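Dropping the structures in below, format is structure tokens.
Both complexes shown next keep chain A, but they swap its partner, so chain B is in the first and chain C is in the second.
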Partner chain A sequence: MMEARKYVWEGAIPLQIHLHESEVTTLPPPLPALILAPRIGYLPLLVPHIKPHFSSTLPPGIDTVWFDYKGLPLKWYIPTGILFDLLCAEPERPWNLTVHFRGYPGNILIPCEGEDSVKWSFINSLKEAAYIINGNCKSVMNMSQPDQVELWRSVINAGNLEAYIRVSSKLKLGTVGDEYAADLYSSSLNSRQSIGDTDSTGQVKTGKCFTLLDAVKSLLPEYFPYKSLNNEESSREEDKDEEKVPSENLSEHVESCYSSDDAEVKLVRIQGIEPKLEIPFSWVVNNLVNPEHFLHLCVCLKLPQVKIPSDT
Partner chain B sequence: MAADSPSSVRKVVVHLRATGDAPILKQAKFKIPGTDKFAKVIDFLCRQLHRETLFVYVNSAFSPNPDELVIDLYNNFGFDGKLVVNYACSMAWG
Partner chain C sequence: MSAFPPWSWVPCPKQPWGASASHDVEGYLSLENIILSCYAQEEHDEISCPQKEETSCSEKEELIDIATLVQSNCSKVPYYDLHIIYSASYRVPVLFFRAYYSDGEPLGFNAIEKDLPAHSAKALLDSKWTFITQEEHPYLNRPWFKLHPCGTSEWMKLLFHVDVSVAKNGVTIELYLLSWLSVVGQVVGLRIPLEMLNQP
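After this line comes the complex of A and B, so read on.
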């Protein structure tokens, strides 16, 4: 179990960061900065590593750093790996981003004052997860100061999984056991071979294991109609906003953005992986969850092509 | 959209509760469109209380991201038909 978590923890996205042309005041313009960004990290945390590369060419002024991908300002509180999974349907290596040190788009992005803002956002997400799992966030609030420091440091360095596990296990956010879904979702489950498993007391459980597919269906029921009309027209793809699922909370309401008559789930990407949907959901949660204890699902939808009448 | 999307017209009742030494609002309950971001609640509070910064929480527990939609917060954390939002002038919880 540790191995899978370690792979995820150490996952990184190679970035090629270009300074926005409006901020280049020297000739020749600076080369892009190349940096390996931890998947579980956040773009603003990379700024101390990027800035030295560009500082001699920047116009005078105060830094208000933000990033864009093909003109889309990037929400800095979303972990880097998720931004990549969501915005690059076909993974781009390296991922080309543009950095700006001026002209923060305050009407589009919430303010970011560097590491402190990222930490505040992270801690509040962790509290939100604790609240959902335990009904309160006492465990997070009662963390000792040294523990808080170690937790944050293990995340920003994205290296020390052992330290992270040591501190986060005190938060009692738990690992998810296998859920057997006979009662809950029997109407939408296809019949499968039952999977035997042993729990901690050594008894064998049988039954239909709650899978990733079951989880996705419960979150996005509108894309799993009973009638499965296979649309034979070619379809265009569209990325849906990520769905956040705190571990152990399976009943989160999802707002539908599309009239879902013919839209289908094309793929589900988690930590850059497209897991087989038959995998037990508990495994997905226990291994692919982010440090703030949210499981981020990037869902790619396939929408039917719209036929546009032509004038002839 | 083919059918009426209830969430596009649905309003959420927000109950604003003062914490610590924060001033209490004369009117504490409001209806706000579900599609508004939580940032609107924060901005409203800051304007009403003439403050640049406030600490704003849901259910006295955590501070939601300002980009979150009020309807999502209500669906996940609301109870008794409303979303309880606590505000403080200094950090109240953690």
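After this line comes the complex of A and C, so read on.
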């Protein structure tokens, strides 16, 4: 189980960063910067590596760094891997982004003052996750200063999963069992009425368990209008224990037209992977969750063709 | 006498392309184009100035114009939009707000702090109960100011603890919101007319 998690933790996106043409003051214009961005990291954290590449050509002034993809200003508090999964339905390698050092669009993006802003946002998300799971943020707020520093360092130096697990396990955010019951501590798996036994890798030995498909159906019921009888039981359970594991359903990426009457889910991408929907949801959570303890599901929809009325 | 028009509910459909109606109706309570500062508190009338463009998800009820007062320095009066949005994660209401001058120019945090009543500025600085940050509005996708009432559910319980009938029968959403607003509103200088609190 550690292997899968480590593999995901070390995932990265190759980026090709172009300086916005309005900020190029020298000829010839600088070449784009090539950088490998950790999936679990954030774009502003890359700035110290990018800036040297362009600093000699920038116009005078104070830096207010922001990125755009094909003109869309990028939300800096969303992990890089998720931005990529959401915005590139067909993965672009390298991913071409534009960096700006001036003219921050303050009416569109919330302000970012470098690493501190990103860290604050990260801790805030972690608090939110703790609140959803435990009903309070105490474990996060009571983190010692050295623990906080080590936790944050383990995230920004994306290779250090061991350090992260060492600190985050103190937060008592638990791992998820298949029954999705209120108590998430793995030690009490045996005492619960189980509908399926699992071994450490999350493989189901007997019985039915809560799958990724079940989770997606409960989050986006409007795209699954016909519930089969088989799924009724697990869906009902989900309704009762909703939000026990925080999962964030981000704005769905909209695909081009499709001639059917209803919108439907075309694919679900998590950490760049399109897992088989029959996989136990507990495995997905325990292995694909982000460091702030949210599971990000990028959903691609197929939309029905729009019929335009011929007269008013 | 009510100083402000009533709050209106702005529903926000989950998906703009109209997926089959989900039974969950999301949205927020909105109170827009109001003046919170000393200008309003002296006169008890709403000062009307040219409306700025709105970006609501759907139609809103019209604000009631109570009276018109001509201000010599109209452009320097800050207007506020207040939205109350339910946080599913924290299961409490949260106040989002923004401020702008009549020409549409937005106010930054420092300017807002200067504009708020003196006692609420102090409440901000104490930041024991409240904390203002700039975050993305969950529906409008733009930066707004958000008031984080820390421990909302704790002090809401305290508020209702006193009333025995509430303990027995629970509390209506309206009463909850009024009580919540009576505390949160103080930070932004929003006064709740006493008549509202006397309703059964």
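Note that the second predicted complex is superposed on the first by the 245 of 312 C-alpha atoms of A that agree within 3 Å, B and C clash if a C-alpha of one lies under 4 Å from a C-alpha of the other, contacts with A are read in each partner's own complex, and residues count from 1 in each chain.
We adopt the following convention: a contact is a pair of C-beta atoms (placed from the backbone, for glycine too) under 8 Å apart; a residue touches a chain by one contact, two chains touch by 3 or more.
These numbers come from a predicted model, not from an experiment.
In the superposition on chain A, contact of A:I110 is made with both chain B and chain C. Contacts of A:K75 after superposition on the shared chain: both chain B and chain C are touched. Shared-chain residue A:V140: touches chain B; no touch with chain C. By the document's definition of touching, of the two partners only chain C reaches A:P221; chain B does not.
Judged by the touch definition given at the top, the superposed model places A:I123 against chain B, while chain C stays out of reach. By the document's definition of touching, of the two partners only chain C reaches A:L303; chain B does not.
When the two complexes are overlaid on their common chain A, residue A:D262 makes contact with chain C while staying clear of chain B. When the two complexes are superposed on chain A, the residues of chain A that touch both chain B and chain C are 75, 110, 128, 131-132, 252. Every residue of chain B that touches chain A in the complex is listed here, in rising order: 1-3, 5, 7, 39, 59, 61-67, 69, 71-72, 75-77, 93-94. Interface residues of chain A, counted against chain B in their complex, comprise 75, 77, 110, 120-121, 123-125, 127-128, 131-132, 136-137, 140-141, 252-253, 255-256, 259, 261.
Partner chain A is touched in their complex by these residues of chain C: 14-15, 17, 19-22, 88-90, 106, 134-136, 142-143. Those residues of chain A that touch chain C in the complex are listed here as 75, 106-111, 128, 131-132, 221-223, 225, 243, 246, 252, 254, 262-263, 303.
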